[in-house]
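In the two complexes below, chain A is the common chain; its partner is chain B in one and chain C in the other.
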Partner chain A sequence: MQRSHEIIFAGFGGQGILSMGQILGYAAMIEGKEVSWMPSYGPEMRGGTANCIVIISPGRISSPIITQFDSAVALNQPSVEKFEKRLKSNGLMMYEESTVITPPTREDLRILSIPAVSEAIAMGKKQVANMIMLGAFLSVQPLVRKESVMDALSKVLPERHHHLLPLNEQALDVGKGLVSRIEAGVAH
Partner chain B sequence: MMAEGAIQAGCAFFAGYPITPATGIFKAMIDELPSRKGLALSAPDEISAIAYCIGASMRGFKSMTATSGPGWALMTESVQYALMTETPLVIALVQRLGPSTGGATQGSQGDVLLAEYCTSGGYTIPILCPTNARECFELTILAFTWAEILRMPVIVLSDKEIAMTTESVDYESLPQMTSQDRPKNSAFVEFGEYDKERKNGTYYFHALHEIPIFSPVGGSRKVTATGSAHDKAGTLQKNSPETIDVLAHLEEKLLWRADDFVAVKQDLDPAAETLVISYGISSRAAQDAVRQSRKSGAKVSMLTIQSLFPVPRKKLRQATEGVKRVIVVEENLRGLYRSVIERYLGPIQVRGVNKIGAMITPAEIRSVIEGAV
Partner chain C sequence: MSHKPEQPRLMKGNEALAESALRAGIHAYFGYPITPQSEILEYLTEHGRQYGCVVLQAESEIAAINMIYGAGGAGGRVMTSSSSPGISLMQEGLSYMACAEIPCLVVNVNRGGPGLGTIQPAQGDYFQATKGGGHGDYRLIVLAPSSVQEMADFVFEGFRLAEKYRNPAFILTDGALGQMMEKVILPPAGSLPHPEKPWATVGKPKHRERNILTSLHIESEKMEKVNHRLQEKYTALQREARHEAFQTDDAEVLLVAYGLSARICQKAMELAREKGIRAGVLRPITLYPFPSKAVAGAAEQASNVLVVELNSGQMIEDVKLAVNGRRPVHFKGRMGGIIISPEEVLAEIEHIVEHTQVEHV
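Moving on, here comes the complex of A and B:
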């Protein structure tokens, strides 16, 4: 890893936005990188705005707030509108298909629409939509290995939820598969 | 990391009342302290929380509480009691957007003056201000040292972004520091005769700056603790010369040691025309801005102040040598700390970069450094 990578995960409270960022952060830390995970959310637990900025860096991180991002992962319309503007040129804008009506338009970005919610429903557990998004994100930006993500998950998830680890792993794979299919031009 | 620092400093008692964004410290202490030779209590409210801590400290235990702006408002009466009774205490004040209940999940650096000027009489309350997770650990230990040495309350002033951001910290590389303890009476346990000259009394000092030797309440020696004006024996007296001495001593004991208290981070360029001063979370964006501005040729120095109070005047003087203008970066409406240090900066042009409701970005600071605004 040559330089730091700065990502914003954004959406509504309850979608697992903060968890996505936290799991990615822990995974990077397990791999010995410097990380910063800064959450920002409204006063309500569910339904309010939620986002987190994750910085992964080979060296010490100075400011946890940054002006422009390398990547954005958006799970609702306001997040696309808000953070599309703040991406670096050639940055990645990844959004969840069913929650975004008006897609981003910048031509200097790599834009990917991921049908994470419908895939999660197909898996029988719509709560794993965030992990599908994370899997998709990591297949485009391989910042950490999948094994590290699974290590991070087993540390972050309370033990009573550990029976869900295989499902989460499956969700990561589904996300990765979606990206391959989209890139191969296969309609989903 | 504050909780970890506190425990390493030998904190044996914590009482708190949960409040965003200080709840993380509360929870960590409740989870960790009991298994590490301490007692952590969930108090029914903030007033009880700080009062419990003062009581534990008077008995001889290093104590800490943690709160945010609204809780701090309730604690300000008791913190003066701790000052008046020369009781060591560490308060972690994690700032959020005010006034009143304000924005619980929105960061801010708006409590700088509310924390400092919380006493009737305007006594200097030491304030240490960390900029990242690691410094939360280090400065909390330092806060215990100062609280113990000075026998007074010390504030660690954090904010939502520092308290709730998760950062990687290499535990192995953390300094194995511990905090010093208050000077204790050698007759701590033994029953000692009550000295008629009161020289063994828990408030007795000879020169104004001396720290009295501590005796615990409930121990063998009689200790009178009162928030009312008192003489060196702790007896209520309004304005006897000795009482006035005690009141002067409460300030003098700190000011006499003020130079030792200084904690700053300097990144100075001898040829600098501009000096950026900041603290807490904003200083990190400022450091980024300074680094980028230097790349584009700006002559700029950076001073990060960790010990906000007493104001590190000598360091300010050194850092401003040869400088034409000073920029003070802080996340509040009108530049609270700027209003304090301006008087020490002489004829140098001073301006602020201020904002509320969101963090100040490196780009915003840079545009001021490079004169675009």
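Moving on, here comes the complex of A and C:
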């Protein structure tokens, strides 16, 4: 990668927002990149919204806290509203379809709606919606390889949950597949 | 002894600091939970036993600091941590330890204040940390990390300095650095030697007099002697002043900031340089002793100095003393747990440059 990439992951507490960022960060670190992961930890953690800023860079990262992002991954309506205006021109806004009623409108963005929750339900495990989103995100922004994500997952997940690794891998693939289908079929 | 090389890990600042403390061979940790540093106590509670470290949740911060006083006096390598309101409660104990010359490490994961304030990051405790927050005429050795790596490294550095000078050392960090994750390579366990502590109160053998550690010196003549000894120590400490400089050699606007603010200023510096403004950043690493010479030297070559802090302007007083009127010193800060953005700092840099040019016409 030539330059740093700055991402905001945002949604409600309990959707796996912070883990999504952490797994991406860990994967980038495995690939020898510099990483910072900055969570919100205020009152919003207690039941409200949660977000984390992830910066992945080939070199030293200056500020871990920034206000303009290359990409946003939003899993609820308030996050779309808050971070749409904080995206750089030509940035990526990826949101979860079922949790957002009013989609983003900026014309200088690449906007993708991902039905991650319904796909996760179809897979029989609603909790993997975040990994579907991550898979979709990485197919648009290939910042790290899937093997590194799996490697990161096996390090982040406690051993007693390692039987869930194949399901998570499947979720990443589903996310990637959704993007290909959207790009092949539906106009965006 | 062969060690396999440490693998980088992705860790929270608080956890990296806690793991580093165990690797530094602390004998005991006494603390009381408070956001945004509770992970330190939690981590040590979980992992302390493997290292044979005593980890105790005290009944209050006042109790914790006095346990540190006792265990440190007995020669132990001891640590406590808290966040702003809890650190206020520890000031009496810190003053006692400074007087009795007990080495220890105290960590303040600064949050917004005054009062109970907010749990968000801030730098409002600079005065308290660097000017002797408790009563009497004393100083702490104050280190200000600006990355998760330094959260780990400065534990070792803090103990090294504390034990070398027989003085409490202090890590002044903030909620953001405590909560964020970055890549960290931890220092190897057992790599910090335990120095002899012949002054420790460990029972009186026949061959020497009793060791007495006290902060009570009723007779003024004796008290003043202690004062002089402490002041000589603080003078000697000045040689430990440390800083880091980024593109200060050709800087027209010199930014001075510590900890998290220094990271934000580096981003602002990058943005300014993209616009053709020569900005540079000087980051004090030790807040006490303050790197006055380095600040003065870097200011000499700039036309303006801008201090950026997450408070109403505290370190700026030390910067002004160092610059001593030779350059204008400006200030930009945010409070209340709001983190200043690189763009806000950039706007201030642009304002200063514009204003300076107008003056020159």
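Keep in mind that, in the parts below, the second predicted complex is superposed on the first by the 178 of 188 C-alpha atoms of A that agree within 3 Å, B and C clash if a C-alpha of one lies under 4 Å from a C-alpha of the other, contacts with A are read in each partner's own complex, and residues count from 1 in each chain.
In this text, a contact is a pair of C-beta atoms (placed from the backbone, for glycine too) under 8 Å apart; a residue touches a chain by one contact, two chains touch by 3 or more.
In this text the structure is predicted, and so the values were computed from the model without any measurement.
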TODO: Sticking to the clash and touch definitions up top, decide whether chain B and chain C on chain A clash or fit.
DONE: clash
- [ ] Give one of first, second, both or neither to describe whether A:38 is in contact with chain B, with chain C, with both, or with none.
- [x] both
Task: Partner chain(s) touched by A:142 [first = chain B, second = chain C, both, neither] - done: neither
Open item on the list: A:103 in the overlay: touching chain B, chain C, both, or neither? Say first, second, both or neither.
Closed with: neither
TODO: Jot down the residues of chain A that show up as touching in both complexes, chain B in one and chain C in the other.
DONE: 22, 25, 29, 34-39, 41-42, 61-67
Open item on the list: Help me check something: in the complex, which residues belonging to chain C touch chain A?
Closed with: 8, 10, 35-36, 118-120, 175-176, 179-183, 260, 263-264, 266-270, 337, 339, 341-343
Open item on the list: Under the definition above, what is the set of chain A residues touching chain B in their complex?
Closed with: 22, 25, 29, 33-43, 61-67
TODO: Within their complex, state which residues of chain A touch chain C.
DONE: 22, 25-26, 29, 34-39, 41-42, 61-68
- [ ] Give every residue of chain B touching chain A within the complex, in rising order.
- [x] 103-105, 161, 164-168, 281, 284-285, 287-288, 291, 359-363
